[in-house]
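What follows is a single structure, and I will ask about it in a moment.
We call the chains A, B, C and D, going by the order they appear; numbering starts again at 1 in every chain.
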Amino acid sequence: MQEWQFVMPEKKHKKKFFGNLKAEVIDAKLCCHCAACSAICPVYGITAGDKPIEFPNWVKDCVDCGACVKVCPRWEYKPLNGVGNYVEVISAKSKRFKGQDGAMVTEITATALEMGLIEKAIFVSRDEDWRTKIVTIRDVSQLYDRKVTGTKYCYADSIPALKEAILSSKAVGFVGTPCMVSAVRKMQNSFKKFERVKLVIGLFCTENFYHHQLSEFLLKHKNVDLMKATKTDIKKGKFIVRFVDGSRVSFPVKELEEIIPSGCKVCQDFSAVESDVSVGSVGSESGFSTVLVRTEIAKAIVDKIRERGTAEIKEPDMGAVQKLCDYKIKIHPYPPKKKEEKKEEKS
Amino acid sequence: MIDEILATLMNVFRSNSMQIPLIQPIVDYLMQIPLINILVALILWRPFFAVVIMPGLAVLLLYLLYIVWFERKLTARIQWRVGPLEVARPIRGAIQALADGLRYFFQEAIVHRDAHRPYFVQLPILAFIPILLPIAFIPAGNAVGIKTPYAIQLIVAFLALIPITIIAIGWASNNRFAFVGSVREALMYVAYEIPFIIAVISMIYLYGSGDPYVAVEKQSLVPGAILNPIAFLVFLITMLMATSRLPFEIPEADQEIAFGPFVEYSGMLFGLVMVLAYEKLYIMTLLFVILFLGGWNGFYFEPLGDLNAPLCLFIKTVVVISIIAIVRSMYARYRIDQTLRYSFSWLIAFSMVALGIGVVLGWIL
Amino acid sequence: MEEIKIEVPVEPPKELETLFLPIPKDYVEDTYRKDDFLILVGPQHPGSGHMRLIVRVKGDIIQEVIPDPGYVHRSMEKLAENRLYIQNIPLVERPAIMDSANFNLGYVRAIESAMDIEVPERAKFLRTILAELCRIGTHLYDAAILAVFIGHTTGFMYPFGIRELICEALARMTGARFTSSFIIPGGVRRDVEEKTLRWVYDATFAIEKRLKSFERIFIKNPTTIARLRDVGVLSKEEAIRFGVVGPFLRASGVEYDTRIVEPYEAYEEVTWDIVTADEGDGYARFLVRVNEVSQSLGIIRQCITSMPEGRYVSEQICDDVKGNFFDKFGNLVLPAGEYTTLTEAARGTLLFTIVSDGESNVPYRVRIVTPGWLYLRGFMESLKGERLADLQAIYGSFGYFPPEADR
Amino acid sequence: MKVEKISRSPIAELKRHVDVIQEAFKQALIPDRVTVEYPRERRIYPDNLRGFIVLDRSKCISCFRCAQICPANAIQMSLYDNFYPGVDYTKCIFCHFCVDSCPTGALASSNLHDMAFRSLEEMKVKATQMTRLPTIVREDKQSVEYFVTKKDWKLQRKKELEDISVLRIIPRIKPRRAFCEEPESCLGCRQCMEVCPHDAIVMERCEITLGGEVIGKGCILKVTEKCVGCGLCVRQCPMQILALKEVE
């Protein structure tokens, strides 16, 4: 005879829980497409992917457990902002790996794998068409693939992969945007099993895109075929696409305004406040990444990197990070203003 | 008018009829009934009896039923099996061949599109003419179809016609395997016919005549097999080759060329071509018994009268065939080139030796 | 002798165009222009097995044989990707059900190498007995097929009669007459009683006695020797070049046996000889296998007399298979990687490769390279220059088994 | 070891001919026959022969292990009969993985190997038909056993008929029960409750208190005495927090 208990979240509407989620988050244009609900759903009914979150036939199939509500970072949304607490901040460049800038995400993951802190890590790779693809990194050698490293600027179903990973191993590392980091933290609060996620690496983020919208926009307005691209980047307010032959196309990020998903328009968290370590290019010179170390485990990893000397380390410019954090609060007000405002371009 | 003809026929039949004391009372009783009596007289007329009853067609059918069953049963016994059993279990499946025959009879005989239709259907039936004709010349004591001093030569001549029909069957089938089989049959024909004829000629020299009566009479003391054992051996081997039995089952070779000339046959036509070799074996064994095993010399029971000689000949034939049947489970198949090499070297050499012995012994006797 | 040329325009038969043949039209026309002849042996031919042989003959001499295998292809490798690792065991036995234990053993050893399981000694000996019983069974089956291919029906029946004892031994040990699925990762499924092992020991002598009968009536039969000797000769160099494996390679004088080169199970602990021959002809191939049967009988006897006590399944897996089968094997997940094992199956080297992605409980890829597929080339080459009647004799001497080759 | 050379001399050839003829005549006179005249006599098979599968309904806990391990997908659990297994003999390959998987010994093998069915429908044997051996038409008057000595192999015919037996081995597994290892991770999806064929897991709605403080509405899941340890919930749980635990 054994018994255990669980708490059901409060319902705001007299519907099943997914109905509540749909009404409060998805239809309210708050959904950040982190796919945490899709991961946690016990009947695997919630679909993510390259389209808005939905649950076909939820009226019938939803088991009304409330798990999706418990993990949703935008349920009862209180925007996080600012740089957040940090123990240490460095600007660094990996000597081993080639990545978006300093390849510090790759370096930190590799070091954590080598230290045995994590057994596997969830990364986002891409195919020829720049569609995102989840890869599970078990071995450092997998990280030398140039498709694994580098930013994709598209939504990826990392958290469903994360859930599968925690079921089969004891310590997992994770890389994600600030909203995904919030979702993982919320999962860890609700369900003990998610404490197996030992390392959460946050990425500096202003906005993210649906792949089909981004590629269609680029093809239509800029005559850019992502199939031939080798690297995408946002630098100093410009969206840059590099090609195999070395040529590049760049245009202001502002032009992408029309395809920014609604969820991103209410997000004020630039530097992944809840993560163990945040990484981004802002605040460092070209080819270097800014690393915001927030917790003990991340500190241990960065100390190890420093000790082994696998990365060049410099002083970062924290002013630029702070500036961009403030800028994000400004452009993404919450609750959203009814009227669209012209935003200044940041140089 | 009819009465006269009947009376004449009756006289002819009665003057040359089989004398069997055992069934004489029944015959006498039947003779009193009109119309039946002429039938009985016909049956007992010696030439008719020899050709149609014994050692002719009637016992030939009986022999076919027996040998097909016996061969399967003996092979099964050697091969640690039971053999045909479920058709008529109390008599150990003895009517299996009859059941097979019935099944063939009611099965559809398929003539395929590319075959030469008239020849394809006619040839299996035509092949029976050279097989059945020798029966008329094979004597069994007093019962004889056509009495001639050249009977042995005639039988050999008719036997030589059979392969031609088989080659024609292969041609009419219009099939690759049938073609290969026909070619093999033709090659085999050349290979076995020469030593076979020489072996027979050696015995004719030995007996001094082609008359079976002379041959049987000369063997009353010592059978031909002991007089000329080499001719006996050559005759035995060529008999296996002529009837395409293992180890010389080369023209048919079901694993290699899928029954060779007969690959396209089915139904009753297949039944006919299948028994062809068995019938040829029967005729050749009759000749073999007459030439080497003393023909109808043997037992004599008073009550059987004239029936003794045909019965003796038939029993000897069946016993010889039953012993030959064991060869089937002993040997694998030789290759065509090996067979040709053996027959053109060893067999012809042996048959020449046999001829020499025959000439010498014939001169002495 | 002067050759007489007769110009007869021969057109290729129409059926060669209408049938699906794996040969180009030019080849057919070329054949008929050169006064050759194409014979399609199979697949509905009593002496072809489940395959088609396109035989080009000139007169009675075979010029070239083009094999057309694949009539019994069952996509084993693809099917294996959709089943649990343990559910694949009955599947991988199916390519050659006569040789099931060897196929089972190869697959299971690949899993064991992936999971790093140490197999207990007793299980190793039991597996060796099973593998050798299946080897004898396969050799007897091939001898029977050879016999019927050259027209010797008694030679067909005797091996099948003797094989009944093998089936009975397998039934007593494992519960099934063949395809026993008895070898599992970590050992075997059940312990075998002493009484049964004693029976198998006696049976090996009974088999030997019956084999003497078989030897007199078929192996040493003059017609068998005449049909097989100097037929389909593969020299040592040719056999190596064409990639012939197993007893057929050994018949050409190459001492290669996976059981010696990479010993597995209990083959190191028993003494036996590697059987070879120099001739490389059909009869040598047959005799090598006949001699291997007596070697196998010796291995079985040694295994039974020196059978160690102990566990029949590794303690890394479970104490007792009965009742735990699903719990222990149902969700087997192999670590990511590629695992390859070589096994000496009855007809030659058998390769199993399992590729695992480390996450799912089904294999990512299973590769089976069966011996039949490996020596098909050598088989085709050895046919060149022989007579049409030798086609079946050489076929039988190779014991080619289309279901095994086609998988 | 090299194979022996076969002599090509005509004398040896002749000797081999003699051997063949000798052996053939010997077998024709005294055959070493090994044929069993089935069905008039039946072979005695060992007890562990993998034949017809018998089910003990009282032991079956409907754990689905047999159905899930079946390589041929031949076992179907009946929805209308307490989820007891039924074997489809059109598909069954007699590997008996199911019998080895059964944790309670409900499935057992018999050495009945010659069932015949009248129709395809009949081959889908239901759980009720599996409780005992099917009635087969027996024509056997005697039984045959393979009698093997070191010298020879004989068929030993006996008057007593073959006994078709069921070999039931009860696995040495203690009764088990489902157990939640990590209640803090429970999603509250109640899949375990849904899937349980014995209704052993029950739920109560109530207020949840933590340290004497009401923290919200929720539910209590209970594993009751009805649990037979089938492990279905363990396999179903999306968070994999359930496990089987042995009970005294």
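The criterion applied here is as follows: contacts are C-beta pairs under 8 Å (C-beta built on N, C-alpha and C of every residue); 3 or more make two chains touch, one makes a residue touch a chain.
Just so it is clear, the model here is predicted, and its values are computed rather than measured.
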item: Chain labels contacting chain B and also chain D; value: C
item: Innermost chain, where centres are averages of C-alpha coordinates; value: C
item: Chain pair, most C-beta pairs within the contact cut-off; value: C-D
item: Chain of greatest Cα-centre distance to chain D; value: B
item: Cα-centroid distance, chain A relative to chain C, in whole angstrom; value: 56
item: Chain A-chain B separation of Cα centroids, rounded to whole Å; value: 97
item: Rounded Å distance, chain C centre to chain D centre (Cα mean); value: 29
item: Separation of mean Cα positions, chain D and chain A [Å, integer]; value: 51
item: Sequence positions of chain B contacting 2 or more other chains; value: 78-81, 329-331
item: Residue numbers of chain D (touch at least two other chains); value: 20, 24, 27, 32, 34
item: Junction residues of chain C - those touching two or more other chains; value: 154, 161, 217, 221
item: Graph class of chain-chain contacts, one of line, ring, star, complete, other; value: other
item: Interchain contacts, given as pairs of chains that touch; value: A-C, A-D, B-C, B-D, C-D
item: Residue numbers on chain C that touch chain B, as the complex places them; value: 37, 39-40, 45-47, 60, 147-155, 157-158, 161, 217-218, 221, 223-224, 226-227, 387-392
item: In the complex, chain D residues that touch chain B; value: 20-21, 24-25, 27-28, 31-35, 37
item: Residues of chain B defined as touching chain D within the complex; value: 74, 77-82, 85, 326, 329-331
item: Chain A-facing residues of chain D, complex; value: 179-180, 182-191, 194, 206, 208, 215-225, 238-241
item: List of chain B residues in touch with chain C within their complex; value: 75, 78-81, 176-177, 180, 246-247, 249-250, 253-258, 328-338
